[in-house]
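Labels A, B, C and D are assigned to the chains in the order they are written; within every chain, residues are numbered from 1.
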Amino acid sequence: MTLKTREDYLAGLRKLKPNIYKFGELITDVTVHPATKRTVESHARNFDASHDQELATLYTTNSKFTGEKIHRWNSMMQSSDDLIANMNMKRQNYRRTGTCSGGVCVGWNAQNVMWAVTQDMDAEYGTNYQARLKDWILMAQAEGLVVAGALTDAKGDRSLKPSQQEDLDLNLRIKEVKDDGIIIQGAKLMICGVAASQEIFLMPGGAYKEPDQAFALACVVPRDIEGLTIVEATRPSDRRDLEDTADGEVPSTGITQGLLLFEDVFVPNERVFMCGEFAYTGKVIQFFTANYRACIGACVAGQGDVMIGASVLMARANGLSTKTFMQKFVDMSMNNQITYGLGVGACAVGFQHPSGSFVADPLTAHTNKVMVATLPYETKRLTQEIGGGMVETGCMPSYQDFTNPQYGDLLHKYYKAGSVSAETRYKSARLAEWLSIGGGVPGCMHGGGSPDGAKLMVRFTTPFEEYAEYAKALMGIEESVPEPRR
Amino acid sequence: MTLKTREDYLAGLRKLKPNIYKFGELITDVTVHPATKRTVESHARNFDASHDQELATLYTTNSKFTGEKIHRWNSMMQSSDDLIANMNMKRQNYRRTGTCSGGVCVGWNAQNVMWAVTQDMDAEYGTNYQARLKDWILMAQAEGLVVAGALTDAKGDRSLKPSQQEDLDLNLRIKEVKDDGIIIQGAKLMICGVAASQEIFLMPGGAYKEPDQAFALACVVPRDIEGLTIVEATRPSDRRDLEDTADGEVPSTGITQGLLLFEDVFVPNERVFMCGEFAYTGKVIQFFTANYRACIGACVAGQGDVMIGASVLMARANGLSTKTFMQKFVDMSMNNQITYGLGVGACAVGFQHPSGSFVADPLTAHTNKVMVATLPYETKRLTQEIGGGMVETGCMPSYQDFTNPQYGDLLHKYYKAGSVSAETRYKSARLAEWLSIGGGVPGCMHGGGSPDGAKLMVRFTTPFEEYAEYAKALMGIEESVPEPRR
Amino acid sequence: MTLKTREDYLAGLRKLKPNIYKFGELITDVTVHPATKRTVESHARNFDASHDQELATLYTTNSKFTGEKIHRWNSMMQSSDDLIANMNMKRQNYRRTGTCSGGVCVGWNAQNVMWAVTQDMDAEYGTNYQARLKDWILMAQAEGLVVAGALTDAKGDRSLKPSQQEDLDLNLRIKEVKDDGIIIQGAKLMICGVAASQEIFLMPGGAYKEPDQAFALACVVPRDIEGLTIVEATRPSDRRDLEDTADGEVPSTGITQGLLLFEDVFVPNERVFMCGEFAYTGKVIQFFTANYRACIGACVAGQGDVMIGASVLMARANGLSTKTFMQKFVDMSMNNQITYGLGVGACAVGFQHPSGSFVADPLTAHTNKVMVATLPYETKRLTQEIGGGMVETGCMPSYQDFTNPQYGDLLHKYYKAGSVSAETRYKSARLAEWLSIGGGVPGCMHGGGSPDGAKLMVRFTTPFEEYAEYAKALMGIEESVPEPRR
Amino acid sequence: MTLKTREDYLAGLRKLKPNIYKFGELITDVTVHPATKRTVESHARNFDASHDQELATLYTTNSKFTGEKIHRWNSMMQSSDDLIANMNMKRQNYRRTGTCSGGVCVGWNAQNVMWAVTQDMDAEYGTNYQARLKDWILMAQAEGLVVAGALTDAKGDRSLKPSQQEDLDLNLRIKEVKDDGIIIQGAKLMICGVAASQEIFLMPGGAYKEPDQAFALACVVPRDIEGLTIVEATRPSDRRDLEDTADGEVPSTGITQGLLLFEDVFVPNERVFMCGEFAYTGKVIQFFTANYRACIGACVAGQGDVMIGASVLMARANGLSTKTFMQKFVDMSMNNQITYGLGVGACAVGFQHPSGSFVADPLTAHTNKVMVATLPYETKRLTQEIGGGMVETGCMPSYQDFTNPQYGDLLHKYYKAGSVSAETRYKSARLAEWLSIGGGVPGCMHGGGSPDGAKLMVRFTTPFEEYAEYAKALMGIEESVPEPRR
């Protein structure tokens, strides 16, 4: 088996049937369309890294099944070191692309979580989900697949459960169970990196009880499966992507999010890993979020590293020493290290499921999610503070102005500060802007669930009564101290 | 004299000679061009308010010179109540437009600051600047002028003073003094609301010493003065403004920033209020920033009020009660009230200059600037947290998708949550996005100077040695406690 | 009428019948007992200030009734300037004593609030409370009385209302209404400055409804009224006060809190200002907390000023320049100015009750209370950070060690750093410790109600629906956006 | 070899010659003197734990030298798991004692750091330090020694290096090198847990260069070594310890700090591990602080757990449900988990020295120190906020008041709230007070160096230039972007 290359990956994408739309139009080739080529490039750089001597140890590992060298993003994670390696790869990825590469993240996590849950389900129900999953994983490892993951249902009226909605499609559901597979229908919203992915791992969007059995569903589908329509979401600055000028925010990399619309999609049995076993949906969510919220600390840290870098450039391009802002730089670095180090801590004190899959410590991981939803915002604010007004509101003339024959020269003259060219100053400001208020904002606050959801988990995993007992023991309090009666 | 109306104002703008460019092209009518019509509308709403029974007390006052009713933004501010009225008008303005209206703010502040400084200069140098200024103010009051203000020079190499720059134009300068006026040359960058203004008040960009005498310059010029080229800045989301679809962020209002390029511009004497009196540039900066940084607390509070409103809509449109997020709403409200109330406090304990002009307390005002550069960022973060993933990254399909004949219906189906229409949910998300990561971000962090500059002023206005004496007195310490020798 | 002096005040205290206990023992003379003499000294300094040329404008004013010069703390506050003058006096007071002087604060506020509420009650019920109050105020002004104020009831089981408690005494109550006065019984807990006060203003502890009529009670009593027992509270460091050595934390000033135990106390009618009018208890609380929570911003600012002073001394005594810590000093100064300036802002945008009494703006005042409950804690943390380990845990040898014949010299040798004496270093550390972790901590977090109570008021005074309407107007949303049905 | 017990430990302490003073008086038996018995009890509980079935895995391990079971605090730490086990033991220790137990912490860290550095010194200089150290470690393991550690010199004038001080004793120094040992003189200040320790590990207080060779000194001495005088520091609340009443803050446990005064102390060669090798002092500091600042995250987390516990009790004793404060409890739990998890993360991505000693990752560890110096302060503030006024200023009557025959009953009556006894309410408040403003404050902000020192290390370990290169690569910037010339 040879490790797939950038070229293999791009060829793979081109072979897929076009089913992705943006601005109401079908994208025929995601590798060249200006709306998608940047997220594809971000993902392609992973393949480069796997073949790069310096980076290969980060981006590759050996298959626990075959022993062969594989891309790390197709591997099983069965120790804290495996989870930490996941984090290290992601931090590096953000440094090399400036943003998220969802196709080498969510599907990977999903495959490991489902490895654990399928084993539990098989034990209880006599199903053979784990064997199906293993076959798919072996294929994914051999093909070096890029796999997005999808959790978020449309949800409809949130005060009602999926089965209580007027329109059952508001959560992705099993419409029909056939002998050789299942028919699914509904939507998944806000999925990251779909346009750059070859397959999509579908997971249940919540912890369901019996009435919602039809929504207890996990499977993996090719991105171009029959009946699936994908709509790429718009965001404030994405019209810039359509221009091939210096106003394009960052020249090559990027990330996009999309929506999946499933109409009578048939998924063959060998790709189905949960089909109605509602009792296990909670475990899927629990394991998935624990790992996701631990590891995402590396993502925002890596993007924060680039914010530091952009701010260093910006300070100098403004004619100022980085020493002027050293306290801010130190704060930025600490913000990055907190989410990274706390995520690593969650991995280090995690636990191993009997299947071998390793799960990060929930209390630490969910605490980290709250940090991920706050600290990077302060880092962005500091990026804007260091960069000055140019960065804060992106207040710069456009490319067409800089090249205007009448006053373009004047703009160059007035935008040069210190020893660095106006162009570098302009590019540095664009990068800082892109990271802090533009298309580089990766959506880490709600990705993998909201910070309020994380706080709820912190509440449930903190042993408050045990802590009260420590306090009682210290003071020699012997009476019972119950919650007050109402 | 009759109070000018929206129609008068728009007619006034249309009479100006076109000299504003965006994306490399001349804008012939700022009142209808999609790139500028929103900021014009924001300013026009001030005229509506002046004629609105409920709002007139906020938006109008009587001229201290003539006793006649005038727009408040042309008035003299000679008491703490006048400054607080300025704040109340601005907070209301943000609530009615969602963002900044620089043309009823900076020029107004400038006229009052220069009223004080011209009196001091006239007393020392026997000049007649104040009389000139009074004539202009009377005209501005009569015409109900909208006046932008410009402080920020290009600056070039910041380690060098203006007169030390290789290119003297890098700070706006007096190129030549003639009998009947002056020739100025250079640039002012990042000026707010210029496209909606009829005149521009130019102020010195720093506190200068003798070698930089040529940069000690204050005057007011018509927006279309001969030799002035204006370039509107671009920002991440402004391509949306060019589309007349629902993707346009907010339908009607907005704000833009621009750059002013002065080439051999002749300003007649009657519009010149400082011409080389470098010794008074410091006072201009000091008075201007004190008032600006006190009052800007109302601006960000008013925008914060709209963020609360958008978040209320967003929560409900997501199908959730506002109670779910009450702690966040309370935090948002407190953030707003801190910058507002602290600004009011700065006004209330300010001082009156012998000229009558009232100046906010520097220590309180500069402290407020630091709050203005931090708290609204947390309010934005909360707006994104309450709004969910739709708001955080603006992750929604475009207008063209929602109206796509093939799958547009599906999008409507999946975006409806609870009892509110998909369209209202979509619009609420757009507003929240526009306020927190889009074109509604008004640039308050660096507007009127950086937070670091404000901290420097806090340092210089805090009586540290006096405080040390209190400590010594409390402990009965009698020995001197000096800084350690190096 | 002559303005009372320190001597008059001390003589007044000595004339009172001893009824204050600490550590189980009766204090016969509060002006000399080591447990109370420091708080008395703090209050006595107010009289000094009233007679000090520089400070007299802060500490005195003219009676609105008689026109005569009186101590400010006996005055009526009938404009925003009066409230701001209250704040300025308090900030100065903290600078001169290092902590709270409750006897020139709470009673003063109470008299002004009751001035308004008695007028309303008299209008509705035909009572003559305001006339009674006026008589008392005139006497208090003539005598220059120091008046504590008491709100906090014991409360008992908080899930039950006062009238539902098993023991009715758990809230201070009217036990009997007689022709010439009332009998009251119960307790008030945690009252500040009682030991230094001549009278105590009693106010209702909550907003009561009809069943709790017996608790709707306001009156003012001499501190030594028959049937009242006062117990001074202990706090971690107060044993030090009992030693007359350098370990005594600050040599002269201080503050204490106490508890009031009322057993069948008869209050004559002329001192009763509310007697069962439950419908007005809410207004008392509302006006009292608005003024209290605005003005307390000056208190913590003044103490923060001393923390800055102590930290300046401490840095230098450690042999370090204040520049080393300048960012921290600036942060401390801003923290002080925020609570001060925001309080001033609340006063400036307050409203005048028809009685003349001026009330601070609730939303701003309650927001300030939350700041008062957070920012000073950060200032204390910075005091400890600048001061070093000596301050953080007060880790120093005791006075007895420093004077130990065997090793005292060694301690002096090792505690000298730089050019300042070991003694000054030691005293500076004691002051910093006293302010941040010792007896100088004034209890501002819960004084005047908890921050959570303040947040509740922020919630109720923020016009959320109005803000939602602004958002709708901006987006042209016309449909109703109600709370979701459950 | 049998594992030493509490009794062995107490007997060992009693055998030591009295040389500890407090309040100017010699303490003859630290195990019973009220000033020291609480810190002794805290340490004794470690021995209990080692013999407790549930806790033994936390508190014991096997010697890497002999394979025998030893107390964990005498062990070698040679993997990230060993460091994490250190953290877990400490978190548990804080839960069981409420505060720090310095004698099972600093000496332990020192022995492991010196294991690494002695190997490096031996390799370069041919010394036999590591062999000496090994002998001592084997003895310490056999005896189950409790070993304090001392870094902080008196320092004197901080602008001068040790060798430049007028008085050379201001830093602990080698006064004379003899054939069989060294004579040392000077002082170490602010050492934790000395009164409960059997030996003291002395380490260099800074990174020294050649002129300061005489201060490059590491050794371990018995606590009662000839020529050593120890003075226990005082702190605000420690007079309470001297009373054996309920006012004593916590009944049994505690921590103290002390000062070491060395006068001509002879240390035999076999206990000397560094003697003038100044070039290695930096490494000692670097390794020591990395491990210390990683692991201290567990200490403050453990104390924070008790703060949660005390606050749970306090809320209920006040008659309120913990749900009322749930957001605060969640914040407290997250604060604890951040310092714990980030410390674990620092351990997990640390590195192994060739000697086997494991060192935490510096960037992460120093970042954690800054968190340790901030987050617990917020947790304390929340403890005071939840607890109410009783906790904030410890505002309660004293034991003598509660037992006063005249009014003691009244106090019990008024302090009961809800279903819990007044005594439990009182004790819970005492605990909360002790943890947040009393003797339980462990001094973690400056322990192991200041947060500013940690920020300096963050600065030096963050690869700013590498981050700038990532930014350049993303934007295709090819020109050099240097610091501006001055």
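Some observations on this one:
Keep this in mind: contacts are C-beta pairs under 8 Å (C-beta built on N, C-alpha and C of every residue); 3 or more make two chains touch, one makes a residue touch a chain.
These numbers come from a predicted model, not from an experiment.
Over half of the residue-numbered contact pairs of A-B are shared by just one pair in A-D, C-D or B-C, which is C-D. Among the remaining chains, the Cα-based centre furthest from that of chain D is the centre of B.
A straight line joining the Cα centres of chain A and chain D is 40 Å long. Chain B and chain D have Cα centroids separated by 52 Å. Averaged C-alpha coordinates put the centre of chain C at 38 Å from the centre of chain D.
Looking at chain D, one finds that residues 157-159, 319-320, 327, 418-419, 484-485 touch two or more other chains. On the chain C side of its complex with chain D, the touching residues are 21-25, 152, 154-159, 167, 169-170, 187, 189-190, 229, 231, 233-237, 239-240, 247, 249, 257, 259, 261, 263, 318-320, 373-374, 377-378, 381, 384-385, 388-390, 392-398, 400-401, 403-404, 406-407, 410-411, 413-419, 433-434, 437-439, 441-443, 445-447, 450-452. Taken together, the chain D residues at the contact with chain B in this complex read 157-159, 327, 484-486.
Looking at the complex, you find that chain B touches chain C at residues 80, 84, 95-98, 250-253, 305-306, 308-310, 312-313, 316-317, 319-322, 326-327, 329-330, 333-334, 337-338, 340-349, 361, 363-364, 367-368, 370-371, 418-421, 424, 427-428, 430-431, 455, 458-459, 462, 464-477, 479, 481-485.
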